[in-house]
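There are two complexes below, and they share subunit A, which is joined by subunit B in the first and by subunit C in the second.
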Partner chain A sequence: MTAPAVPADGGPGAVARPAGRKPSVLRQVLARPDGMAGFVILVVFTVLALVPTLLVGPLQTAVTATGPRLAPPSIGYPLGTDELGRSILNLTVHATRVSMVIGFLATIVTVLIGAVLGIMSGFVGGRFDAVTMRIADFFLVIPTFVLAIILTAIIRDVVGTGSTEILGIRLSLITIVIVIGITSWSSTARIIRSQTLSLKERAFVDRARVIGAGGGHIMRRHVLPNVTNLIVANAVLVFAGAILTETTLAFVGLGDPFQPSWGQILDAARQVGAPSLGAWWYFVPAGVCIVLVVFAFTLLGNALDAVLNPKLQARR
Partner chain B sequence: MGSRYLLRRVATACFTIVMIVVLNFVLFRAMPGSPERILLGRMPGVTAEVLAQTRARWGLDKPLFPDQFVAYLNSTAQGDLGFSYAARGRPVTEVLAQHLGPTLLLFGLGEILAIVLGLTLGSYSGWKRGSPVDYVGNAISLILYSMPYFLLGMALLLIFSTGAGWFPTFGMLTAGATYDNPLDVALDLGGHLALPLATVALGLIGQYAILMRSSVVETLSEDYVTTARAMGFRDDRVLRRHALPNAMLPTVTLVAINLGYVVAGAITVEVVFNWPGLGTLTVDALASRDYPVLQGVFLLLSVAVVFANLGADLLYGVLDPRVRT
Partner chain C sequence: MTTPDGVASAAALAVRDRRRWPLPKLADPTAPLLVVEDLAVRFRIPSGTVKAVDGVSFRMDDGEALGIVGESGCGKTTTALSLVHLLPANGTIKSGRVALFGIDLVPKTEQQMARYRWREISLVFQGAMNALNPVRRIRDLIAEPIEVRLGQSQDAARQRAGELLELVGIPAQRGTAYPHELSGGMRQRAMIAIALACDPAIVIGDEPTTALDVMVQAQILQLLERLRRDLGLSLILITHDLSVIAETCDRVMVMYAGRVAEEGPVRRVFMAPRHPYTQKLLSAFPNIRADRRTLEVIPGMPPDLRTPPPGCRFAPRCPAALPVCVEIAPSEVRFADGVRVACHLYPASDVAPVEPQP
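Let's look at the complex of A and B:
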């Protein structure tokens, strides 16, 4: 996600940098127009996600809704209302938090599984590597979305959908976080594995081994720091994918009406028949948010890619 | 083509299909409630005797492995996928077959359109890198790429169906309509098909164009393209005869790999337009927790994607001699 805006090299006053020293990755990314644009959009949405109540008041429910039903935008309701009379502005801003937090948690789960399996696979090699990569390939080929639908339905029926909350997110939506993690770790694992394979052959790993370091120590202290850049760059793309997957899962009816995400709003709009009724205000705001956030992550990912792979930069 | 390459690809595909079948079994067993409960429904007052009878009748008293597993493999191999709960006990295979046609029509045509238009747009932007067409094309591709298919579908529905009134809003044929001749059927079908087809094609064009563009850009920096230029060939000949054939190679694999993701889009687009295909079936089955149908859809779509990938691998082997080892 958004890295802390603290320059890694020398604080705000360090203008006169010693010659030959490269600025931090974050600075290089923000120096590019696409990186800057993506960053700014994400900061705006992060603010919306952090303090929705401060901006538009508490989340309106069927009980607290006061507006007219399915009314077009007016002064009192800048983005119109839904079929229950709730303000779409209120719903969409609150959904920002749900969508972003689910996306964030799913990214952490995905990247964690992918990075651990990728590093171990590349470093340990042998049978462990063969089996892990077979499974990874399996997940890359099959239509994971259908698997995600079935898994979500089954886990929810088994675990139930109580009102337990984790990090302010209801259990039913935590299911989605876990399912996204299970179904999308494989490309991360593949990328990290191939980087680990090349790191393994470097001299510093041999040196560590010669002085008696164990496998676990080398993976943690020597391999991990060297794949961190790659993990961050990958996480940016995973985040965009996670938001899209959550949106799609919610759209096919796996969202939680008590805690609407953008996808849940779109599903509600479809069920009411908003497109056929001409009620554009119902789904356009949530749709624009999704496209903007995914677009921002794509821009940021592009910028990171260009900064981390100078070869690519020269070609473009 | 080298037989080892062929053999390895086929073996991988078979292995994947076996894993899919096993996963399907495991998922089915992990289902909430015991299977006999679902078979008996929510009938009150089921005696232990009836329960035991049902278990024996469906082979649930035998151990999960190997007995139940072997029985499952047997019936799956014979094309018996069980019975739908929601469709009043109709065989799952029958339900799937009924919904397969509309999906094939919509996505077959959509893929073809997207491949032709996406590759054309991509190769043109890659060739004219930095031109206005490249900038506009790239921006549009990126926005389409960031947009979930169903959102695009809802927007098109709003603009062209509700707003302009050019197309019907849902279904595959007008309900209750009678036709005088086949042409009327085709016209009605075409009207219903237009918007979902446009959604599918537009959703895919973005991905294919981005892919083709980067592939063309990469190919243009190759030595043989420089050589062709140095030999004095005209620009369009260099592009058509030297750069494009090589630039198209990676797209073969990526189009196949993308199929797995396209399935997700397929499901949602059909839902938006009430298109009576596998996607609508999936969402209906999900709403009524019709697990046998969900499992059937998963099996059918996964196996289809695996075969498409195998086909792409073999095609790649024919097109590019370097991989035949």
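Let's look at the complex of A and C:
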């Protein structure tokens, strides 16, 4: 990544703006090299996830596979083939969608649960706070992955593994989304709660109360806008974590065999014994994708944090 | 709403109009605006009970501005906040009567008070930056009480917020600004706009000009003065600054240690203070016309209100204290010129006709 495409704002040039308004958060993030790098990587992967068929053709299956078995990269198959003769490039690109969709949905679920419970427990306090936070603590101390495996098995038992679809997403993927949501909301809730606790004591909350605003109104209109930056910064990191969790679950065989994800590919490679056969092309592309996406989210999260956190801004 | 450059009679008109606005159902249209009788407020603290306000009485008429002065901790803010039940959790109104339009507010429950708070009595807080939510546009902050209290739609409330901004001297377009984008004076103007949002009869200003520079202070006071004239508002102004009171108020109430020392028309009280505490307080304030001189200080400290002295509470610091002062609390004496004083130097029998308390 060379010089950022967006002119760097916030310097002396910003003074000319009316009312001295700061450039938008997105612009500020993109003005930073790490923010720009993360953003570009994510745009690339989003395109892969949106139009995989356009780029590498329809998803190849055991039936439609045409290539040689477990062949190293060649002109026809730039990333080689798997044990069924499917193009690894084709698989990896198609897997992007599943990984990204799960990451996205799981982030929404996590942040929703975390923000709602965090704000409520910070604001309402008392017994509600105590109970919610003990539950959050429970999820924090239990090793996430172990819990996720157990939960996946249980939920799958309850809702079944059939090919039922909700909004075009297979039930087994929804299961994974729910599992990730359940296991990762607690840290978000804790962060939001601590911020809410300090916001609650600010004079403007008292003023709103004097005016006659109820708790719900104050939480929605006064507390929520004040924690939005925290929620956004946290969501970016949750996204990365969700993709990792999905990968790991798929790797231990809890994914959906009919919809390839990066974890699924890694699992398949392990089952075939690709590492010992020297078939590096089987698992390296998926691994690189995972690392790149998680890295991009981390970069973006750091950039957001630096832009949104006034304390870090002062130190710069 | 009358025009900003209303003529002299506009004030009287506005005051009369105010009574035609929807009053609370129980209101007695002929009753005085606000009558406070024998108000007593207690604070429970771990080391005892603080008698923060003890037997305070006063009366306000439509369109009047009352200033409350006194040292820190003399019960100014407590008196004002107890009118609308906004005392801290450990404070209670022990006794007394707060009659707004003849309706006693003291026995009202929290839910019933909601009807009167902001719609009849609203507040301008000190320190506008803390009382404004930093991430919300001031337009929405002003619209908030209109939506919450009067149940109007967001659009209608925003429209009204724009009008209110114009009224306090901020262009309506600036309503989209965030609090940090406004100057201190403009923030205080926005706070006043919030207080006016529901057309209250009384606005309580708790040190509304503290922490502003003198030029801005003058502007804010002018604004309050103009609003009072145009809207027929009544003001309760709490301040340490005697010059603010001299400039804006009709009547002044000097408080000491939770009691009223002297109350009356500003001119009378400031020109000819009768209570020794008022005299001391005034001589502790710089006078621009007087020669340069050392300001007087009042020796000693205000009494501990957990165990106030039995007699006059100012007696231990009073230069004119009589033997009776430390034993018996003086009762209020009303003079013919409308000033009432609680001091043994003015025995009730010496003063001509003593009017009964309103």
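Definition applied: the second predicted complex is superposed on the first by the 291 of 316 C-alpha atoms of A that agree within 3 Å, B and C clash if a C-alpha of one lies under 4 Å from a C-alpha of the other, contacts with A are read in each partner's own complex, and residues count from 1 in each chain.
We take it that a contact is a pair of C-beta atoms (placed from the backbone, for glycine too) under 8 Å apart; a residue touches a chain by one contact, two chains touch by 3 or more.
The structure presented is a predicted model; accordingly, all values stated were derived computationally and were not measured.
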Which of subunit B and subunit C A:L254 touches, first, second, both or neither: first
First (subunit B), second (subunit C), both or neither touched by A:G212: second
Which superposed partner A:F204 touches (first subunit B, second subunit C, both, neither): second
Which superposed partner A:D157 touches (first subunit B, second subunit C, both, neither): first
Subunit A residues touched by each partner, larger count belonging to subunit B or subunit C: B
First (subunit B), second (subunit C), both or neither touched by A:I191: neither
Subunit B versus subunit C as contact partner of A:N226, first or second or both or neither: second
Those residues of subunit A which subunit B touches in one complex and subunit C touches in the other: none
Contact set on subunit C toward subunit A in their complex: 84, 86, 114, 117-118, 123, 125, 127, 130-136, 140, 144-145, 148-149, 177, 181, 194
Contact footprint of subunit B on subunit A as seen in their complex: 134, 137-138, 140-147, 149-151, 153-154, 157-158, 240, 244-245, 247-248, 251-254, 266, 269-270, 274-278, 280, 283-284, 287, 290-291, 294-295, 298, 315-316
Subunit B residues touching subunit A - in the complex, by the definition given at the top: 12, 15-16, 19-20, 23, 27, 30-33, 142-143, 145-148, 150-151, 154-155, 157-158, 161-163, 169-170, 217-218, 221, 257, 259-261, 263-264, 267-268, 271-272, 282-283, 286-287, 289, 291, 294-295, 297-298, 301-302, 305-306, 309
Complex contacts: residues of subunit A adjacent to subunit C: 19-21, 202-204, 206-208, 210-213, 217, 221-222, 225-226, 228
